[in-house]
Every structure is written in C-alpha cells, then in structure tokens.
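Alright, structures below, take your time with them.
The two complexes that follow have subunit A in common; it is paired with subunit B in the first and with subunit C in the second.
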Partner chain A sequence: MLTYLIRRLLVMIPIVLGVATIVFFAMRLAPGDPVRIIAGPQAPEDRVQEIREKYGFDKPLIVQYTIWLSQIVRGEFGNSVASGVPAIRMVTERLGATLELTISAFLVSLVLSVLLGTLAAVNQNGFIDNLVTFNAMLWLSMPGFWLGLMLMSVLAVAVPIFPISGRGDAFWTWEGIRHLILPAVTLALPSAGATARIVRSSLLETMSQDYVRTARSKGLKERLVVSKHVFRNSLIPLITLMALRLPALFGGAVIVESVFAWPGLGTLLIKAVFNRDYAITQTTALFIAALVILANLLADFMYSVADPRIRLD
Partner chain B sequence: MKRKSSHLQVWLRAFRKNRLSIVGLVIVLGFIVSGLIGPYVAPYDPLKANYRETLQAPSWSHPMGTDQLGRDIFSRVLHGARTAIYVGFGVVILEAFIGIALGLLAGYFGGFLDTIIMRAVDMMLSIPAMVLALLIAGTSGGGLFTIILTMVIVSWAFFARLMRGQAILVRQMDYVESARAVGASHWRILIRHILPNTISVGIVFITLHIPYMLMFSAGLSFLGMGVRPPRPEWGQIIVSGRSLLHSAWWITTFPGLVLMLIVLGFNFLGDGLRDAFDPKQYIKG
Partner chain C sequence: MVAKGSRAVIAVALVLSVLAFGTAVAQVTVTEDTLVTTWGGTDTLDTFRSALAAPLFVLGLVCDTLFAFDQNLQPQPVLVESWEQSDDEMTWSFALKEGITFHDGTPLNAAEIETYLEELFFPQSFTGWMFSNVEDVLVTGEYTFDFVLSAPVPLMIFNLAYPWNIIQPAGAYEEYGDAYGYDALVGTGPFVFEEWAAGEHVLLSRNPDYTHGPSFLENTGPAHFDQILIREIRESATIVNEFRVGDVNYIGIPTSHLDVVQGDPNVTAGVVTNYGSNYIEVNASGLFGSDWRMRAAVNHAFDREGYIQAGYFGAAQPSYGLVTPASFGYWPGMDEFGKKILYYDAEEAARLLDAAGWVLPAGKTVREKDGEPLSIKLITFNFWQTQGEILAAMLTEVGMDVELFAFEYGSFYGVLEEDDWDLFLAGWIDQSGFSTLQSLVTTAGIPKLTNVTGNSNAALDALVELMNTTPEPVVREQAAAAAQQKVVSDLFEIPTVLTLSYAGVIAEEVGGFELLNAHPWRLGLILALDMYRK
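And now, the complex of A and B:
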C-alpha cells in the first residue's frame, strides 16, 4: 500500500509539471500586452517600460518560463499585479468556499443519483423508471448557468425563499445553508442526471447475474438482495464514474460561482483573467488541477475499499 | 427461406425501434435547418435597436418578447442557431481529426508513442476544460474561430482516449492478425481495418459531444469570454437578461429553453445510435 502511494505520488510530479507548462503557455498564446493593461491606457512610455522590467516581461518567453517554473518548484507563486498581495494567500483564502460548494454538490449529486438510479432499476420499465430516466436526461441537457438563473428567478426573485447570491456564514449555520442550497443544487443536478443513468444500468446488469438469482431463489427478501448482493457489486463503476465527473464539477463550479457571486476560486480566476493578472491566474489554475489530481488518487483508494479483490500494490 | 437482412437494414430497424431517437433526429434536423435558413426567414433584424418596442412581453408579433434595445428575441435566437452550427460542428470536426488520429496511433502501435500521447491526455484531463478555456479564450479575444479553436484544444483528449481504447480492442482481432500475416502495411491496416471498426463508437461520441460543446460555448459567453457581439449567440442573449430576471424573464428563459431542447435532441439521437450500433442487435436481427 505504501509503495503504491509513493509510486502514485511520483507519477503525479510530471503530470503537475506538464499542467504547469500548459497553464503558462495557454495564457501567453494570445496577442495583447499585459503590461499595457496593468499600467492603464494613459501610462507614459517610461512607466510601461519600468513595469515590463519589474515583472520580467521584457525577457524572452522561454526565460520567463524557466524562471517561473523554478519559482513554483520552490513554492513561490508571485504577487498579484493588481493588488500586490501574494497569489498563494489569495488562492488559499478562497479555497474553502470552492471546496464547500463542490463537496456539497458532490454529496447532493451522489445521494440523488444513487437514490433515483436504484428506484429506477428496481422498477425497471415502470412509471417511476420512466419518470427518473426522463428527469435525468432533462438535467444533463441544461446548461449549468441557465439552470442557476432559472432557479434564482423562481426561488429567489419570484418567491424569495433563498438569497439571490453571495455566501452566508459558515455552512453549519442556517444562513450559511440558505446561501449554499441554490448554488450546490445548480452544480449537482447535471452531474446527478448523468450518474443516475449509469447507476440504473449498472444495477440492472448486476441484477441479471447468477449470484443474484441464487440469492432470490433461496427466498431472500428483495430489499436484502438489492442492498447486500446487487448494491455492493455495482459500487465500482459508480466510483469510477463519480471520479470522472470531478473535473467537470470543478469546471462547472467556475460558472456556478459566477452566477451566484460565490467568493471562490472560480470568481477569482475570472477576475484575474480579465485583469491579465498572470500570477493569480496561474496559481488558481494550478490549484484547481491539483484538486482534480488528488481527487482521482482518492478514487483509486476507494476502489480497494469497495472491492477487496483489487490490490493496490 | 427467409431472406437474410443486410447490416444496414438491421441497423435501421434497431434505430427505428427506439421512438425517442426518432424524436431526437427530428429535433436535430430542425436545428440544422434553422441554422441554414434561419437568418433568411427571421421576422426582424437581430441587431437593429427599436426603442419604441423595448422589453415587450411575448406576443403574436414577438413570440419570445423583446430585449432592452427592442430587438426581437425570436429573430436573435434564429440567427444564433447559425452561430451554434458553426461552433458545434466546427469543434467536433476538428476534434474528430485530432482525436481519431492520435487515439488510433496510440492504441495501435502502443509502446513509446502510446506513452507520450497518453501522458499528454492525462495532463489535459487534469485541468477542467472550462478553466483551461478561460485561460486561452480570456486572453485572446472572442473571434468565432478563436472560440472554436479554444474548445478543440480543451476537449480533444476525451476523444483521443476513447479511440485509443477502441483501437486496443480491435488490434487483437483475428482479421487484423490475418491482414498482417498476408503482408498488409500498418497504414493499410489502420485505414481499412482499425478505422472502420472503431468509427461507430466515434460517431456516437460526436453526437453526444456536439450538445456538450453548445452548452460549453454558451457558458463561455456567460462569463463574457465567448463569441463576441454583434454576432448573436444563445449564451449572450441569456446573459443579457440576467439583471432583468424580475421584470423581463423571457429574455433569459426562451433562448435557454431552445438550447435545452436541442441538447435533448442530440442526447436522444446519440443514445439511439449507441443502441443501434450495439453488436447485440445483430445477433437478434
């Protein structure tokens, strides 16, 4: 187990470096001079030159890249050009809000999809099955931001049950929950729609296995057959699938945060991109990628918990 | 004696059996037709402001209402269909070339080439597509071609990984073995054997990926980094009604409903195609 962990962490290093490289060059592919944006349109030429030298934009791209890479390896992420605050501090301050949103959305989506998928599978081709399948399809066919605006328009504007936007207190307080519900549901529904369909088909496939027929034929109650025999054996595809949804969840959070003015990494990233604030943009993107990579690692560990036959070394 | 039906006939029968896939096909065809003729049949100019008819609720003359500049939402949605066609189909065509080429090469040859390509895929998939797209599109302005290119860059890896998996499956088939035994070149095997036997999975993927790209493009517009005005785009129309949710709900609601309907259509069609391509159908047929 330990060797496996070490090996996995070592494999992560080139991936993280590669991601860092992609992030660096993605922002510089574009024409347009960041220095002009920082300095403002009316800045005199010598001031522009001064800023250019201060942030190293006068050096060739490949030199900028090596300097930046050697800095992030040492844990120096640079300062925001707009406010001068260290990028790492701005990112860690907002990390909590994004994790709160994505983890609650993940849980909502997990509970909904397992519940609905199971309901559909045990009522195969019945009314409930059709209802669930249709709803799942509907949810995954809605653009996240539009769903957010619609929920907002009905549940915050027309019937003001929930606040329109922003983050309340800590999530265990009533105010915190009230602010969290709409963004979390908006982020969760498309994902739940996709997963519920897979849960359904995975359960149905397991139900046609011989050991399930054996369990039924020995007179076991249907509820026990489903919970003990079918469910346990359908967990693995579910874990794979949920792990695969994670990048989409973190990506979707960028949009949902923007809809509900949620003070997380997504809104930080968008603002930084608009301001050409390279230090912030690159650090935020790197952190989000690191979250995705860690989540995938976690999913691998979950396999071995769900299925003892899978050994991790 | 019963006549043996051809593969195509079996396939068509399987496809027709699924009523939802026919519904999907009709919606998708409707979308393509509106994209082609929409701009010519739209009742109003999508860009011309009309200050005497601002923020009108849906009526016979403006079925989807008007926006704060008095522009007819329905006409803007029709023009937006053209943009959506460019984006949706443009992205998947480019992506299919890259994904099929890299995926099949990696899966067929394996070894070092496979390692290189799959490492690149791993890296691309570690950054959420929306985050990477923001980095690229946010700094490079919103020309239609730039947006299409951005979306290809952030999404080719899914396709490459899928096609690689398929190529590995097909590579082990007896007919590939025999082709190699009679001295066929790698190139010939790739084009004549691997490609045709993996393409059905690719077609299903493309069908299910177009709607995803339509939603993605709308999402970029929502963040202010998509296709730039004046070209009408659905995400843009939706976002223009954002601050008017309480008074002019139609601006946000209708373009979103249209987008959702089209996404549903593609999803129904894709599911139907997948079932119809399923080899189990041929055993039954």
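And now, the complex of A and C:
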C-alpha cells in the first residue's frame, strides 16, 4: 500500500513537469511581449529591455527553460512580471478559494447525479425517469455563464436568499456556505446532468445481472436489492467518470469565478495569460496538474473501497 | 493491503488536506460610513511595474500628483503652493505646501521630492521620458525646489498632472522592496491603504490629516467617508445586481447596461464622459500606404451610421477626429471640418479604386490590378471581432477581398512586430488627459510603438511639437487644430466612432456625484473628497 502510494506520487513528478513544460513553451510561442504589455507602448525601449534582462526574457528559449527547470527543482517558481511578487504566493493566496468551489461543486454534482440517476433507473421509462432525463439534458445544454446569471437573478436578486457575489467567510461558517451555494451549484449542474445519465445506464445494466435476479427471487425488498446489490456494483464507472470530470470543473471554475466574483485561480489565470505573465501561468498549471493527478489517486483509492477485489498493491 | 477503514481514512485525509487551503478569508466590516464600489482588479499598484490604467483608480485615492487636471483639463495645484518658470524658460521653480506628511509619517519636503524623482521616478517610471529634459532637481529650501532643464518644457505642469506621475516616499520602496504595490502603497492622498485581499477587495481608510485638496473640489479637507471598500468584480451584470440590491454604492458600468438601472427611482445615474476614440489605422508600408486614393476609398466605403447601429446597437457617436474632449489638444471645430472629408459614399469609393487601377472584372466580385486580386488583411482585437466583421463587409461591398484577423490583447505587440496587415481597427480610451495626437500620429520625441501606421510626416511632427512646447495657449490651439486637420486629410488614421464607454451610477443615499460626472474621467480625488452620505 505504502509502496503503491510512493510510486504514484513519484509518477506525479514527470507528469506535472510535462504539463508545465507544455505550458512553458505554449506561452512563449504565442505572440506577445510580457514586458511591453505591462510597460505600455510609450515606455522607452531601454527601460523595457532592462526589465526583460531582469526576468531573463532576453535569453534564448532553451536557456530560459533550463533556468526555469533548475528553479523548480529548488522549489522556486519565479516572480510575477506584472506584480514582482513571488508566483507561488499569488497562486496559493487564491488556491483555497478554487479548491472550496471545485470540491463543493464536485460533491453537489456527485450527490445530485447519484440521487437522480438512481431515481431514473428504478423508475425506468416512467414519469420520473423522463423528468430526470429532461433536467439532465437541460443542465447539460445551459452555458455556465448564463446559468450562473439566471440563478443569481432569481435566488439573489428577485428572492434574495443568497448573496450575489464574493466569498463571504470561511467555508465552514454559515456565511461562507451561503456565498458558496450559487457558484457551486452553477458549476455542478452541467456535470451532474451528464453523470446522472451514466449512473442510470450503469444501474440498469447491473439490474439485469443474474445475481440481482437471484436477490429479487429470494424475496428481498427492491430498496435492499438496489442499495445492497445494484448500487455498489455500479460504482466503478461512476468513480471513473467523476475523476475525469474534475479537470472540467477546474476549467468551468474560470467562468463561474468571474460571474460570482469568486477570488480563485481562474481570474488570476485569465489575467496572467492576457499579460503573458509566464511565472503565474506555469505555477498555476503545475498546481492544477498536481490536483488532477491527486484526484485520480483518490479515485483509485475509491475503487478499492467500492470493490474489495481491487488491490492497490 | 490495508483495512477498508484505513483506506477510507486516507481518502478523507486527502480531501481535508486540499480543503485546508480554504481557510484564509479576508473580512471587512461595512458601516454606514463606508463607500462601497467596485473595480476589475489589477496585478500591482506600483506604477514602476505597470503602466496599465487599472491601478489609477486606487492610486487616485491614496496618492497625490503635484498637480491634478480639473474638469476643464487644466492643471491645478495639489501638493504645490506656488510655481513659476524662469524668463529663459530653462528653470521651473516650485514651492510645496507645508505640513504635509506621507501616510507612513515621512514629511513631504523638497529633499524627499529630490530623492524620489532622481533615484526612483526618473530612472524607473514608464512615464519618466516626459521629464527627459530635466537635468537636475535642485533643492533650494526646505519646501522649495527647481527643475533645471536642458531644453524648455512649457507644458511641465501638464506633465506633472499626468495621473501616473504620483509622489511617493522613497523609503517605502526600500522598506517593502518587490512587495511594494502589493502589500503596501504609501501616498499623501485622502485615503490610507489598509489592505489588498487578492481577488477580493482593496480597503482604504480616511486620512484625518488631509487638508490639501485641489481648489476645484467642494471639499479640500478630510474625506466624508470613513473608509472605501473597493470590491473586485469583473462581470458587469454582477456589478449591476450588487448595486440593485444595495450592497454597492457606486459603480462604473458599460453604457449598454444603463437601462437596467435607470428605471430604479433610488438610482442616480450619469454618463461619465470616459471617451473611447475609435479609428481605422492604415499601414503605411502596406497596400494603401503609398496611394491616397486607396485610403480615401476605405474612408468612403465606411458607413458610420450603419456601423453604429450594427456594431454598437446605437450606443456610440460618429467620430470625425482622433482627439476627444478628454484629451489634451482637443479642437471643437474638428467635427465640422471632419464631416467634409469623412463621409460614406460607396460610389465615390468605387471611383477612387478605379482611378487607382483596381477595377472590377465582369462577373467578379473582387477588384483586380495587373491580374492580382485586391486582397487585404484587416486586424483588430478579439473584443471588436463583430465590429471587424461589419467593417470587412463594408469593404467587400466595394470590391475588396478582406481577411479578418482578430487577436487577444496579449498578442498586440507580436502582431505589430510581424507587420503583416493593411488595416487595423483600433481604439483608445481617453482617461488621462494625455495628448492622443502625440501618441498616435507623431514619429518624433516619444517611443514609436503607438504610431502603428509607421507613417512619418515631418510637417505633422512639427505641428505636434509646437502644440506641446509653445507657452502661448492661442498658438497651442492653432497648432492642435492644424495637426488634427492634417491627420484627417492624410487618412492614415480614419476616425470611426466615439464611444461613451462607461456610466457612473450612484445610489440615492450618496451625494457629491456631480463633479465626478462632469470630469473627463473618474478622478479618484473627486470620489474621495466630494462624495458623502446624505
């Protein structure tokens, strides 16, 4: 078990570095000069050149890459060219907010999809099944930006139950939860719509298995059949799907953070990309890659929880 | 293999370890004496690191310039008591107001000014080039100093009023190092920087010792509000919603959102004259550069009214000059003059193209010359993609084959370096009173990236130079007028529309909005000093 964990964590390193390397070169291949962007068109060229030299942008690309790699090994992520502040500080200042949002959305999506997928499966082709399918398709079809504004207009402006924007307080306080609900639900609904369809299909497939028929023939109540025999055996595809959904949640968070003025990594990343702030984009990419890999590691643990036949070592 | 319970514990521990990041939340107590407003945020408040416009909003509340522009774009003293230019025009002498201290306790005196300007501002500021003729800052007394010049700078006080040219204590830069502008901002302004919670808000508190506001404001003493909370919200619809429920007192929004709030009886809304000057730039080294008839054809193919309706839903005005009322050198006669040249006439455009040798072969839709099609590349920013498509359609109507390339702002300088374009649909928001003409059309005296057309015209350079250096207001106005007439006649820059891009909207319970609404841009000093809770 421990060996497995160490092996997986070691595998993380080249993957995370690979992602950051792609970001490193992609950002530099895109046209644009980070120093000129922040200095403005009227700044004297010698002053602009001075800043380029300070950040090493005047060096050949491969030299810049080598320097960057050696910094990463030493745990240095460089300074933001736009603010002068260490990139690691700027990223970690906002990481918490993004994690709060994405993990909450993940949990909301999980609960909704399991609940609705199960309801749809046990009422196959009935009214509830059709209702769930309709809602799932609706959520899937709505752009996150529009959905967020609609939820805001109804539940924060017309009927002011929730605050409109901002983070409020720490996530374990009532004020924090109130601020979190609308952005989390906005981020969760499209994901929940898709996952609910998968849960339904998976449950229906398991329901047609011989051992389920045997359980029913023993006279077990349908509720017990579903919870004891069907649901657990349908979890593997759900875990896989939810793990795969996490990167999409990080992507969606960029838009939701903008709509709800949520102070997460999304808004920082957008500004950094537009300003060609290399240190920030690379550091953010490193963190997001690491989080996605950790989420997959978590999924692997969940496999073994769901199915004892799966051994992690 | 470990026990099932242990696996669950590890899984929960993984979740909790990532959630542990989510504990730091900045809290602010909003009272009746708090003015709550919004901004789009920025990366730094240090003007030596960024020349972007976003920081100005906070800088204008915390820091002072020696002079500030009033609503008529005339520089008025803020930190300065008196000033004069020597007869030979080679020295400017200034006397500071006495008794002013920076927020960190550093006294504002001539020695502090000398240290700040010579050691920090001149070498590091992106606007330091404005003072390239200042050879020496000479301290002549505790509160008096001279600028000793290498050449006359008659408009020195205009340059000193430029909002990026703030005065800060040199010691604060030393104390905070790279974190200055992020963890700290020190000025002499009416509000003291308290904190900047990244992505959330900037909090400022009243400077009780402030007594040196410019005379064009009603209030020149301490601010009426105890604190200003500037929340970072980027999405306009969210800003409007926050305002409508009363959580924000003052907002700046695109004029297209005005109708949403104007129906509310509790709202005082006014359009702040934050002018956006929009134009088509012609690449002097491209297809249109050497032939005035080609540029005139583009001019006459452009239908301003149709463009405004289709591209701006009517929320813009036709533009006949580059310089807006918010910019130095504005000439009120420009509209009348420009209308004689800048008008839509597709038939005239076709005639001009015919005369230039680009004819429309029978049965074809694209003009040709010596067997080559009239294929052009139109570039613009991605946020003007729709407007670019409309312009492309207009040019197609007169027989041009238009390739539209829309790029995001970060690619701007890279695209310019490639120099692979014929027309550039561009724009400029005037919010500083700075000379648009100097930036956009001259090739002398300043870094050249702003005149992207590459058109070099000695007569035009001379006119703008005269406009910037003459001490005579009448001569200045004449030079500005002549320069603008020349710009429009040459057609390397073809003005398109004037956008009143932002509306300032204030809640009914807050007063002191009138001057802010009359000023060419949202000057922080007005916001800080004149606004009050009714």
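Throughout what follows, the second predicted complex is superposed on the first by the 313 of 313 C-alpha atoms of A that agree within 3 Å, B and C clash if a C-alpha of one lies under 4 Å from a C-alpha of the other, contacts with A are read in each partner's own complex, and residues count from 1 in each chain.
What we mean here is this: contacts are C-beta pairs under 8 Å (C-beta built on N, C-alpha and C of every residue); 3 or more make two chains touch, one makes a residue touch a chain.
Bear in mind the structure is a predicted one, so any value in this text is a computation, not a measurement.
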{"item": "Subunit C versus subunit B on the shared subunit A, clash or fit after superposition", "value": "clash"}
{"item": "Partner chain in contact with A:Val19 - subunit B first, subunit C second, else both or neither", "value": "first"}
{"item": "Partner chain(s) touched by A:Met142 [first = subunit B, second = subunit C, both, neither]", "value": "first"}
{"item": "Between subunit B and subunit C, more extensive residue contact with subunit A", "value": "C"}
{"item": "Contacts of A:Thr92 with subunit B and subunit C, given as first, second, both or neither", "value": "second"}
{"item": "First (subunit B), second (subunit C), both or neither touched by A:Ala194", "value": "neither"}
{"item": "Which superposed partner A:Ser258 touches (first subunit B, second subunit C, both, neither)", "value": "both"}
{"item": "Touched partner set for A:Leu110, first subunit B, second subunit C, both or neither", "value": "neither"}
{"item": "Which of subunit B and subunit C A:Ser153 touches, first, second, both or neither", "value": "both"}
{"item": "Contacts of A:Val273 with subunit B and subunit C, given as first, second, both or neither", "value": "both"}
{"item": "First, second, both or neither for A:Met302, with subunit B first and subunit C second", "value": "second"}
{"item": "Shared contact residues on subunit A - subunit B and subunit C", "value": "30-32, 149, 152-153, 157, 258-259, 273-274, 276"}
{"item": "Residues of subunit C touching subunit A in the complex", "value": "1-2, 4, 7-8, 10-11, 14-15, 18-19, 21-25, 27, 41, 43-44, 46, 49-52, 124, 126-129, 178-179, 181-182, 197-200, 231-235, 237-238, 241-242, 244-245, 247, 407-415, 417-418, 439, 446-447, 449-450"}
{"item": "Subunit B partner contacts - residues on subunit A that touch it in the complex", "value": "14-15, 18-19, 22-23, 26-32, 137-138, 140-146, 149-150, 152-153, 157-158, 247-248, 250-252, 254-255, 258-259, 269-270, 273-274, 276, 281, 285, 288-289, 292-293, 296"}
{"item": "Residues of subunit B touching subunit A in the complex", "value": "119-120, 122-132, 134-136, 138-141, 211, 215, 218-219, 222-225, 235, 238-239, 242, 245-246, 249, 252-253, 256, 259-260, 263-264, 267-268"}
{"item": "Contacting residues of subunit A [partner subunit C, same complex]", "value": "1, 30-33, 36-45, 47, 79-80, 82-85, 90, 92-97, 99-100, 103, 149, 152-153, 156-157, 160, 163-171, 176, 258-261, 263-264, 267-268, 271, 273-277, 291, 294, 297-298, 301-302, 304-305, 308, 311-313"}
